[in-house]
Amino acid sequence: MSNSREKIINRAVQEIEDGMIVNLGIGMPTMIANHIPAGTDVFLHSENGLLGIGPYPDESELDPDLINAGKETVTVKNGGSFFDNAESFAMIRGGHIDLAILGGMEVSENGDLANWMIPEKMVKGMGGAMDIVQGARKVVIIMNHVNKHGASKVRKSCDLPLTGEQVVSRLITDMAVFDFTENGMILKEVLNGADIASVRENTEASFTVDEALMQKEDSK
Amino acid sequence: MTKRSTSFETSVRSIKDGDTIIVGGFGLCGIPEKAITALAEHGAKDLTVVSNNCGVDDWGLGLLLANKQIKKMVASYVGENKIFEEQYLNGELEVELVPQGTLAERIRAGGAGIRGFYTPTGVGTPIAEGKEHKEFDGRTCILEEAITGDAALVKAWKGDPYGNLIYRKTARNFNPLAAAAGKKTIAEVEELVEVGQLDPDFIHTPGLYVQDILEGGAYEKRIEKRTVAQA
Amino acid sequence: MSNSREKIINRAVQEIEDGMIVNLGIGMPTMIANHIPAGTDVFLHSENGLLGIGPYPDESELDPDLINAGKETVTVKNGGSFFDNAESFAMIRGGHIDLAILGGMEVSENGDLANWMIPEKMVKGMGGAMDIVQGARKVVIIMNHVNKHGASKVRKSCDLPLTGEQVVSRLITDMAVFDFTENGMILKEVLNGADIASVRENTEASFTVDEALMQKEDSK
Amino acid sequence: MTKRSTSFETSVRSIKDGDTIIVGGFGLCGIPEKAITALAEHGAKDLTVVSNNCGVDDWGLGLLLANKQIKKMVASYVGENKIFEEQYLNGELEVELVPQGTLAERIRAGGAGIRGFYTPTGVGTPIAEGKEHKEFDGRTCILEEAITGDAALVKAWKGDPYGNLIYRKTARNFNPLAAAAGKKTIAEVEELVEVGQLDPDFIHTPGLYVQDILEGGAYEKRIEKRTVAQA
C-alpha cells in the first residue's frame, strides 16, 4: 500500500463508530473494511442488496450468488439480510445509512463532488454514487490531495461533471481533513507530514482553519 | 393455471424487433443466462435493453451485443465490456445512463403503476438536464418516469408452476423489480418445485407477475471478481 | 338471499374465467367467491396482502393473522402468497389484476362510478376502491338497478362524489348487463324477468341496445 | 449494537405532544397492541396518527381516541368506531381520508426518500382537489407526497436484537412500510430470537429500520369478523 493510501485509509477508518450502518464505495473505500477494529459492531451495506458484508470467503465458502457492489465474492455477517435493489436504495435515499465513504476526483469548496466521469474518456456510468451522496446521512470523500501532475483536486469549483451539489460532509486527503459547513469549508486536521502552510499551497479552494488546529500549530 | 413453458426457444419467440426488455442481474450475478442465450439465438433486433449492467464480452447481455441485437442500453454502469465501448464509439449503440437507485425505482414504479416520482438523486448533474425540478421542504428533486418492458427476463433460485419465485442471496438484485415490470415475464429457476412447497410468507415474487416459468438445468454462474481471504 | 341479489351474483360469477386474478369488493361481491365452479382455477386477491384467498376456516383453522379486506377470517389457497400493502397495491395499480368486481351506488352513462360516500352521512372512507377502479384491467360493478324509492341508480351523471371517472367496463344489475365502450353505453343483456322496455323505463342513462340482443328480443 | 429496549414505557417516552406517528395493522390484524397501550398510558397529546384504520372503541387506536390523544387521523377507512364518529362530528378530530393504495405508497415513499409520486388513483374525485395534475402517455395522474413519522409503531412475528423482523400472514400489511418511515421505529414481536436465527434471505424488515425492539409476551389478537365455514 502506498504511503498516501495508507494515511488516507488509517484516517478514514476513524470515521466508523460502533453501531453504524456504513456504505463503502468501490476501490480504496472498500479496503477500509479490513482496518475496522475487531470490537466495532458495524453493518456494512452493499447497494446490490446486502446489509452485513462479511470478510472475503475462503475457497469452500466461495459463492457466485454472494457478491458486493464491486462484484467481488464476499460473505454475509451473522444477522445480515438480503433484499432487492429498490429496497437497497430505499435504505440509501431514505436516510437509513449513517455514513458513506466514497472516492473522489474533485471536491469544491462548497462541497460539490465530481467522481464519475471524465468527458474525454469513455463514460462507464455512475453506478449508485449519485444516489448515495444524496441519501447517506454523512458523506465522507477520500482522495489524494493533488493529481499526478501536482495540481490540486480540492477546487474552487469542480471542472468535471458533478455527482452531486453540496453533498460532501467531510473530505479526507493524504494531507488534510476538511469539513463543509454553513460557514464554508474548514480545515480541521493536517495529517502527518503536512502543515497548514503546505495544505494552503496545495489547495485551490478557499477555506478557513479551525481554531483548535491553529492553536495546536502555534504551540509547536 | 400452470405457467410452465415448454422451452426457452418458445418463450422468447414472442419478443419482437424493437421491443423493450428488462433483464435482471447485477454484473453476472443472478442473470437469466438461459433466456439471454435463447434470445441471442432467436435474433430479435433493435432491442432496448434495461439492465443494471451489460454483461461481459462473451457472456450475459454481451452475447446480444456481439450479435448487434441491442439498439439502446439503459444501465447504471457499463464498464466491463469491450464490444460495448466499440459499438458506442461507432455510434451503433445508444446509451442512457441512469443512477442505480433511480433505475431500480423507475423499474419498480413501472411494475407498480406509479407513472413518475420525485427524487433528489442527480440534481445539479448532467442527469437532471431537461427534467422537471420541484422543491419539497426546501429539497430540490427531479421528476423521473417509470420504465415498463414488453418483456422481462428474470432468474430465480426456486419457483413453482404458478410462477411464485424465491431468490438466493445477492442474486436477487433487480430480478423481482424486472419481474413486475414486464408485460411478459419469463422466469427461469434452478429448481421448479411443486405448488405448495414455497412458504407463502416468504415468496419474493408472487406468481401473478410471471407469465412463463422454466427450469434452467445446470447454471454456469460465472464469477466476475473471484476474491478469497488470504489464509 | 334475495331474488335480485341472487340474480346479480349468478350473472357476475360468469365473469370469472379460468386462470384469472380477481379482486372481489367487500359485501355482495365477496359472496361471489362461494359460487365459482369447483374446476375454475382462479386466484382471489385481497388488498390487505394476500393472493389466493381460500374458503372460510373451520374452528380449528381460525387464525387472527389471516383475514381478508373485509376483516373476515379466511384461509389461504395452496400456492398463495402474503405481502405488504404497498406490494398489494403495486399489483392493483400496475395492472396485474385481471378483474375486479365491486359494489356501486351510482354508475353514469360514461362509466363514472360513485360507491364510497353519501355527503349527508358520516364518511367512513374509500378503502382501496379508488385504487382498484384505476388499476384493475377490467372493472365490473354490481348493484341493484333502482334504489329503495324506485329511482334509477344508472344515471346520466353521478350525483354522489365519484370513486373514479370512466372506470367501469361492465355493469351488472338485477335487470341488465351494460358495457361501457368508445361508442358509449351499450345494453348487452336483459336478465330473467326484464325486457328492453322495462330496462329503458328504469334507466336514467342514455344507452344503445346491442344488435344481437335486439334481434333476440324481436324474434320472441 | 443490540436494540432491545427495557420496556414499552421507556420506548414510547420519547413521543412528544404534536408528533406524527405511523402505526402498522389492518383493522385489528397485526396491530402493535402493546406499544399502543403504553402510548395511551404515556398520554402524549395532539398526535397525528397515520394508520389504515383507527381501531375499535375499546381496543387498538381506539384507546388513544378515548383518551383524546389524537388531533388528526390519516386513514383509508374509519368506519368501525363510535368514539371516532362522535369526535369527528364535534370537530375535535381532524380526518384526512387517503385511498388505501395511495396511503401505502405515501408511507413507502417516506421510508424510501421519494418525495412525491404520480398516481392515477383519485383523479376526478374529491381526493384530487388542489393537487397537481399531469398526463403520462395520455393518462392523467395526481401528485401525492411522502409521509414520514416522528415515530412508527409496528408489530412483527419474530425479530432479533439487531431489529431484523419477519411478519406472519396478513398481519404483515402496513407494518414493514411503517417500520421504514419512522424516525424512531419501535418494533414489538411475539418472539425475540437470537441473532443468526432468521434466514437472511427471508427477512421482511432489515434491522437498520428499527430503533427499539421488544418482546410483547402474550398477544390478545382480537378478531373483528369471526367467519367460519358452515359444516
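Order as written gives the chain letters A, B, C and D; numbering starts at 1 within each chain.
Criterion: contacts are C-beta pairs under 8 Å (C-beta built on N, C-alpha and C of every residue); 3 or more make two chains touch, one makes a residue touch a chain.
Every value quoted in this text rests on a predicted model; they were computed, and no experiment measured them.
Here the chain-to-chain distance from chain B to chain C, counted in touching steps, is 1. The chain with its CA mean position farthest from that of chain B is C. Centroids of chain C and chain D (each the mean of its C-alpha atoms) stand 29 Å apart. Work out the mean CA point of chain A and of chain D, and you get 36 Å between them. Between the CA-based centres of chain A and chain C the separation comes to 56 Å, rounded to the whole angstrom. Residue positions 105, 108, 112-114, 119-120, 167-169, 172, 200-201 of chain D each touch two or more of the other chains.
Counting partners per residue, chain C has 76, 82-83, 86, 89, 92-93, 134-135 as the residues that reach two or more other chains. Here the touching chains pair up as A-B, A-D, B-C, B-D, C-D. Residues of chain D touching chain C in their complex: 26-30, 52, 75-79, 85, 88-89, 97, 99-105, 107-108, 119-127, 157, 167-177, 204, 221-229, 231. The touching residues of chain B, when paired with chain C in their complex, are 1, 108, 110-114, 160, 162, 164, 180, 195-196, 198, 200-201, 203, 206-209. Against chain D, the residues of chain C that register as touching in their complex are 46-50, 55-59, 62-68, 70-74, 76, 82-86, 88-89, 92-93, 112, 122-132, 134-135, 161-165.
Residues of chain B touching chain D in their complex: 105, 109, 112-120, 134, 136-137, 139, 141, 145-146, 166-169, 172, 200-202. Interface of chain C with chain B (complex): residues 18-19, 21, 41-43, 45, 51-52, 76, 78-83, 86-87, 89-97, 134-135.
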